[in-house]
Every structure is written in structure tokens, then in C-alpha cells.
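Have a look at the structure that comes next, please.
Note that the chains take the letters A, B, C and D in the order they are written out, and that residue 1 is the start of every chain.
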Amino acid sequence: MPLLKKIINDPNACASELLEGLVEAYDGEARLVGRGSIVMNNLKPGKVALLVGGGSGHEPIYHGLVGQNLADGAACGDIFAAPPPDIVLEATQAVDQGNGVLYLYGNYAGDVLNFDMGAEIAADMGITVKTVLIYDDVPSAPPERKSERRGIAGLVPIVKLAGAAAAQVTTLDELERITIKARDNTRSVGVSSAPGSIPATGKPTFELADDVIGLGMGIHGEKGVALIPHQTADDLAPKLLDIIFADDLVFNPGDEVVLLINSLGSTTMMELLIVLRKVKAILNERGIKVHDTLVGPYVTCQEMAGMSISLTKLDAELKALWDLPCSSICFSKM
Amino acid sequence: MPLLKKIINDPNACASELLEGLVEAYDGEARLVGRGSIVMNNLKPGKVALLVGGGSGHEPIYHGLVGQNLADGAACGDIFAAPPPDIVLEATQAVDQGNGVLYLYGNYAGDVLNFDMGAEIAADMGITVKTVLIYDDVPSAPPERKSERRGIAGLVPIVKLAGAAAAQVTTLDELERITIKARDNTRSVGVSSAPGSIPATGKPTFELADDVIGLGMGIHGEKGVALIPHQTADDLAPKLLDIIFADDLVFNPGDEVVLLINSLGSTTMMELLIVLRKVKAILNERGIKVHDTLVGPYVTCQEMAGMSISLTKLDAELKALWDLPCSSICFSKM
Amino acid sequence: MVLLVADAIIAAEPYLSEADRNLGDGDHGLGMQRGMLSVKEKLAALDAAAPLDKVLSTAGMAMMSSMGGASGVIFGSFYMGGAKAVAGKETLDANGYADFLKAACDTIMARGKAKPGDKTMIDALHPAAATADTVRFLSLPEAAEAVAIAGETGRDESTAMLATLGRAKTLGEASIGFPDAGACSVAIILRTISDFINQ
Amino acid sequence: MVLLVADAIIAAEPYLSEADRNLGDGDHGLGMQRGMLSVKEKLAALDAAAPLDKVLSTAGMAMMSSMGGASGVIFGSFYMGGAKAVAGKETLDANGYADFLKAACDTIMARGKAKPGDKTMIDALHPAAATADTVRFLSLPEAAEAVAIAGETGRDESTAMLATLGRAKTLGEASIGFPDAGACSVAIILRTISDFINQ
């Protein structure tokens, strides 16, 4: 690792300072709430609320997905650490418009423990909370233990669809139903070629030999499920797609999907586009129609190098929700 | 430099392959033209056309700024190399709708030489071409030799405004007038802390000592105008803004601006937001109102580390153009 | 005593983060450090005469609301859960220490759903609590030392375990060969307590 | 001969890129390599009996349309501009070589607006063309060698110059101390021509 000359202040204050900066990026559309939450201003009274969240250091998600027709708020933890229960509670109270709150976040022990505690206290206060966990990372567990999978870049299309639904539904149950469908229709797989670093220590989150890349590595830099030789984009893309196609979600010719090619940080847009070129060729062969393509660093782990491919299968309902314009720091749509 | 495990194919084919991938990212909205151009499909007949372009390797610009209410096409060169005249010509012919074409690109010797030759041949073919050069990089030349400055991240707001204008004006002169105003109202300054690499050789574009950062470094990794000690975001932000405020464009209390905090590649969104936090505080003190904030890796140089701050001063006309929705791979607005 | 534990954990930050780097995301030490710094702050604000359970629950709350991550809830519950068991007690004896550890362990297992063998901090805490239960008849110093040793043994035994919970879960076989980071923290906590009592 | 020049430039890619790295963006060698590979391809397609000016203009066009960057136009103009001056000629003598270089230099200066002293390839090409003009009376081998030396001297003298054009411009004082990358290419081209003629 070369010495990283990060442009920061107190290495232990990164999470709180970046959140203050993020709120500024909303130019008055959103505000800072409590110790670690960002919440949209003037939410419609009675609106069914969508709350996302998780550890910081993965910008622009999760907190960058707060926006119009997206999430109403985000509960943010320290770098790579789930937000504590009281931050979750502060965010919950701020987004709640009397019609219930859906928690939508990645499936990690820390997040589940903290959001669940927040939900319990919120319930005691009379706020109805439901939870949908995101677990799109196919290699992280076999299909029969799907619910043990991690949440990775697939969260972007899932939150986009849930946010569009939250802007239109009248009940929390309806939002939960649609969000579960979006989640169950999304699959991701990724590789990583170089570690990110923990701002507070500058230490890399893992080590990797020079000639291998990690298959199915977590966005926190958790070790992957397998090390494979470093290879060309044209060799790698089919391998990754095969992992998705081998899973329990069937993609038939004629199916329409949203495709996301995500960079974990320092992998360049150039590389993502070269991978996309091959991915599109394979999808075309299979007769799978891409309704919309997202490509860029949406879900990162500091300057970690690596990329992932996510597919979200659309039915008529999801497609209509996808086409709803939205606006946020992480993802906007005309 | 650690060994870079880029996910590519033939290192000498990166430019052409990424362009093919980019066209795929448009899901049918744009097409590949000739040897190296991307052009929007079904342009309105009679539309005044906007053509951007430059060397590749800086994704998502320039070619990622082709889109609805943005650029109509882009002429793309090899990595860091301006497109040759015949590619410029192919793009010109494809975007021209009979009402003239405005060339808008960064002020670099190579780009000027090639676009000018393309323009000459286009003129011989009866296509009216005008050119507006982008030179927003304040430290790269003193105010009295402004037109010798380089074009850097400020190109994003300038192209956005020009694209909005191109969608509405009826004459090339009108588009030229508005584009010049957008250009003249935009100032940028940046720093760089680590080099990017040239895909074909893997060689870093420059070297930098461990304790310094380069002030006013070009987005191609050209040496900066000065080396300054590596410092905190809160120390750096005011220094950078002072350079902009010391220039010939006056920012008065009450002025409205578009603010762009750009990453050159591997500088994280976290860092950009921490810088934004300080920048906004300073602008607030000065009574400068930020109408819209952009933050992220818009103009990159592979995995180069560094960031820049750009300010575009808005008058009523530019503000209305800014608020027009737009859609592209690089920048979308609801 | 709680303050000594805090200092010991803070001093062990690099070691604990390194342990988490092998199996998780490398931030366990940082989270624990964040929590323990908050514990010191909150206890400093607490009046000296505060009863034992108040001290412990204050410490637990401080960790729970400052750390985040899995260990925020888990280690926060350690003190908060344990505190209930020593309510009303002025001082700790072997009996009270056993009650404290059992309550702490039960609370954490209820919250985190981890069982012994899942390769979590439970694999250090559970055997320690069990040992404490069997040595209630001993003097506190003797009991505390026995408990500390049981925690260290549990930490060491977690090395050979296959992770089935938390971040390390997805490692499968690859999770074998490293001790669990949270178990390392438990061992440090129990060791510090024993050394204090025995000094 | 043009093919030998192509091979010499291709072989010098790392050296030329390095030179550009000092002052520019480090891709000069890559651009020249791209251009010269295209030259070889296009000339292979050309029939062997093609007249000299056709060979040169084909080479120039190949560079212009394959390289991009500043040097694509500049070095493309070198052959294309020079070609006009030798139209109709079967073979080259010292006179023709001088005419070729003068036309090439004039074309490039007209296009690029660079003057001697701006620290560009002109600083190698211009003195070389001037020398060629003064040695028209010599034999081609003698003239070619004199020109090659003038080009190399010009390249060396560019080292001390302050860049006022192109990418290096913004370096100001920092541009002093390195030879200009394009001037290095010119020196190689003229040296290769002389060595071929003199062998």
C-alpha cells in the first residue's frame, strides 16, 4: 500500500463530518437529525416512511439514497459500523408521518442487532415498524440459506424501487410487499482486487496476493468465498453472470432487467464500461432485455478496487416504479 | 505504486472497448458513429447541435455527457489523446441537423489542433461550426492570459448549461453566446495527491513525494503549478477557494452559484463530503448562495487521487437552464 | 474496576482490530475503543456514591449508544444485562460475580441468538459464566482467576471453530484458524477484572 | 526509408513516453507508436511503384488519422506538408531533402502556431531545415548527416527552454531542464534517415 494522503480532518471524526457535508449537498432539501441521521424536509403528512441506513465509509450509499421518491431518511453509523439503536430511533421518529416506517438495510449482524433494538423502542412509542433485509450477494450463501446472504450493490435498485413505492402506496403492508418483491428479484456478484483502508488507522481491510482477485468479497472488505486468478474483463464477466444464472431466480428470454455495474471505489469507470460491454453481449445472447443500465461507484468501500454486477428482474409493477423520476446524491433519474 | 490489477482486455484497446460499453449503457438512446464517436439517436431535425469530446481515460466525461438536454454527441480519442480530425468530422456530420454545430471542449493543444482541422473539413462540406474552448483551471495561467488556461472539472456545469441551451435555442449564435457566458462564469482549482496510470503501460503519469500534494495539477496528471504540504480538509478548502476568489470573476454576497466538488478518481466520496462541509461554511460566510451542489467523480484521470472545486455563477438565464432536467451516464437531474 | 477494563480494552485496540481483520471488517478494536472512551466519560459524570448496578448499567448504556456495530449491542448488553443481577448489592462476591456473568451471557444470547460454537464472544463468555457458577464457594479472588482462565481458554478454543454467525459466517472453512475478535475482548475484560481483584 | 523511421520510433516508445511524462501527460511515445504502426500498415497496402510524394502523404495521412493528440496533427503534417515539396521527384537529393524539410516545417508552424523557442518539436525541426537549406550543395549523405546533427542539437537545446505552448506551458519554470518529447521524436527521425542514407 502506498501512503494514502486522504483529505480529511480528525481521522476519528470522518463519519460525523462527512454526514454534515452530505446534508450540505442537499442544499436545504434534507436536514441533520439527532446524532447521526439525515432526513428529508417537508415529508408529506401521512406518508408511509422508508428508512435506510448502515455503517458509513461506503459513500454515496446509504445516506446518499435519501431523496425525492427515494428514502425519506437514513440512520448512519460510524465507519463500517451499524448505527447504534438510539440513532436508529431518532431517525425513525423523524421520518414517521403516522403511517408506519419500513426499515430497509443490508443483512449484517451489527445492523440487525441495532435496527431491531431501535424498532423495539419505537414500537414502545407507538410507531409501527416493519423490516426488509437486503441480501443480494449470491456467493455469500447457497440458495437454501438465501436469507443469510450479505447485502451489497443490489441495494441501489432495491432502494430506488422501494422509494418509488413509498411515494405512492397508502399502507406499510403495501410498501413491504413491493420492497420484498424488489429484494427477491435482485441478485449480485462481485470481485475485489485491492483493499480499501480504514480511515482511523490507514490499515488495509485485507491483503491479497498480486496475481489473484477475491470472488464474492464483501463491501466491507470481508474475505471472499474464493480467490481466482486475475483475468481479463471478457473472461471474468461470463463467470460472474453464470453465478447469478445458476441461482434460484430464473431469468428467461424476454425478461426485462435493471443492470448495475458497480465500482467498489478505485476501479475506474473505464473498466466498468469494458466489463459492461461483455455483460451486455451475454445478456443479448440470452434474450434478456436491459430496461436501464446503471454504471459507476454507487456502493464503495473507501478506495477498495473491485466491481460487482447486479440484476433486478422487473415485472410491470416494478417497471412502472423504476421509471418514476427521482433525485438524490447517489442516484438521480430524469 | 502497487501492482494494478485492472479489469480490462487488450491494454491498447481500452479506448475503443470502453466506448462500445458506454454506448450499451445508453440502452438504445445513443449509437456508435464511425471510428470513435457516440451520438444521440433521433435528434430533432433543425436542432442546433452541441458536440463535445476529447481524449478517453477520464470517464465518465466527456462522452458520458452525451444525453437528453446535454451534448448531442462526443468525438472520442485514444487514452489521454485528442480525437483525430476524421473522428471529429464523423461526429460533426452525425450531430448536424442543418442548423450548425457548436464544438465545446477543453483547451489543450492537441484538442485544438484536431478539432480545428475537423472544423475546416466540415466547413468545406457546408456545415457551420463554431467553437467554445473550456478554460476554467485558474492556477494554470494568470487572469490576463485566461484563454491559455486548461479545461478541468468546470466542464461539467458548462456542458450541462450549454446542453440545456442547445435544447431551446434556434440559432448557433445564440448557443455560442450562452455557452461563452457559462464558460466565463466558471472557475475551478484542484489538488492532486497521487498519480493515475496509463492503461497501456501501467506507468504512473507522474511521481509525488509522500508528504506533498500538487496544487493546480491537470486532469491528465500534468505537473501542477506548485507543491504544497499534505494538509487537512479544513486547511486546504479555504486555500483553494481563495485562489478562485482572487481571480477576475467577482463573487458578491447574494450571488447564486452551482458548486462542484470533483474527485479525480480514487479520492473517496467521504473525503469530498468532508471538503464540501468546509467549502459550504466559507460560502455561507461570504453570503454566496449555492443553488445546486454536485459532488463525486465526474472528471477523472484513471485512479488518480485528488479533488477540485468549481464554482459557476448563475444569472437568471443560466439558472433557468440549470433547472432543466437532463439525463446521461455522467450527470442526470430530475 | 470498570475503568480499568476500559483502559485495558483501549490499549488493546490494534490487537482487537487485527483479530477482526482476519475474519471481519477490521474495526472491532475501534468500536470497543469508542465505547470504552464513552464509558469513561459517562462514569466520570456519575457521582462516586452511585450503586454498583447503576455504574454497570451506565457503562452498558454508554457502549450501546456510542459504538454501533454488532459489538455495540453485544457488549452493551454485557454490562446492562449483568447489572440487573447485582441490583442492590454493595460489593461483589464470588456468588454475585457468577450471577452477573450468567445474566450478562443470557441477555446477549437472547439478543444475538448466538449459541456456544458459533464462533462469537459467547464462546469465551459462556464457559466463563459456567465456571463462575461452579466456583461460587470460592473466594472472589480465586473465583475471578478461574473465570479469567476459562475466558482465555474459550477464546483460544474459538480459533478452531467454524463461524456460523456474523461477518465471518460467509468465510466458511476459511474462518477456521483465527480466534474470534469479540472473544478476545471478553478474555481481556475477565483477565483485567481478575488481576484487579487479585492485586 | 519511411518504414525504417517507423521502426525506430516504435522502438523508442518508452523513451518518448518518459520524455512526455516529464513535461506532459506521458503518452507521446504511445501516440507515435500508434501512428507508425498505422504507417506500416498503410504503406504495405500501397503498391511498390508508388511515387515518393504519394508514399510520404500516405504516411502523413496514416499518422494524422490514427494518432490524435497534438502530435497526430503535427507529425502527420510533417510528412503531408513535406510531400508537396517532392511531388514529381523520383529520388531525393540534398536539394530535395532541404525543400522537403522546409515545407514540412512551414506547414507545421502554420498549423500549430509554434515559433522556435516555444519548446516544441519545432525547436529540432526548424534548425534542421535551416541547416539543410545551407548545405544544398553537399551530397545527400553529407547533407543528411548535417541535418541529423542539427536536429539532435535542437533537441538538446530545447532542454533549457521555457515552455510557452502545449501541455508543458502551465509548468512555467518547472518546464526547464527536460528536452521536449516531440523534439526527441524529430531527432530520431532525422538520425534514422541519415544513417540509412549513409549506410
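Operating definition for what follows: a contact is a pair of C-beta atoms (placed from the backbone, for glycine too) under 8 Å apart; a residue touches a chain by one contact, two chains touch by 3 or more.
The structure displayed is predicted, hence computed values, not measured ones.
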Request  = Ignoring chain A, partition the remaining chains into groups joined by touching, separated by vertical bars.
outcome  = B, D | C
Key: Computed distance of Cα centres, chain D from chain B, in Å   = 32
Inquiry  = From the mean C-alpha coordinate of chain C to that of chain D, what's the distance rounded to whole Å?
reply    = 74
Ask   = How big is the gap, in whole Å, between where the Cα atoms of chain B centre and where those of chain C centre?
value = 53
Request  = With chain centres taken as the means of their Cα atoms, state the distance from chain A to chain B in Å.
outcome  = 28
Sites on chain C at which at least two other chains make contact = none
Task = Spell out, as numbers or ranges, the residues of chain B touching 2 or more other chains.
result = none
Message = Judged by the touch rule stated earlier, which pairs of chains are there in contact?
response = A-B, A-C, B-D
Ask   = Within the complex, which stretch of chain A touches chain B?
value = 1-9, 14, 17-22, 24-27, 56-57, 59-60, 64, 68, 191, 193-194, 199, 210, 213, 230, 232-234, 236, 265-277, 280, 290-293, 295-297, 300, 302-303, 305, 307, 325-327, 329, 332-334
Key: Sites on chain A touched by chain C in the complex   = 12, 55, 77-87, 108-110, 113-114, 117, 140-141, 148, 150, 198, 200-201, 203, 205-206, 216, 218, 220-223, 225
Task = Within their complex, state which residues of chain D touch chain B.
result = 14, 17, 21, 23-27, 30-31, 34, 64-74, 111-112, 165-172, 174
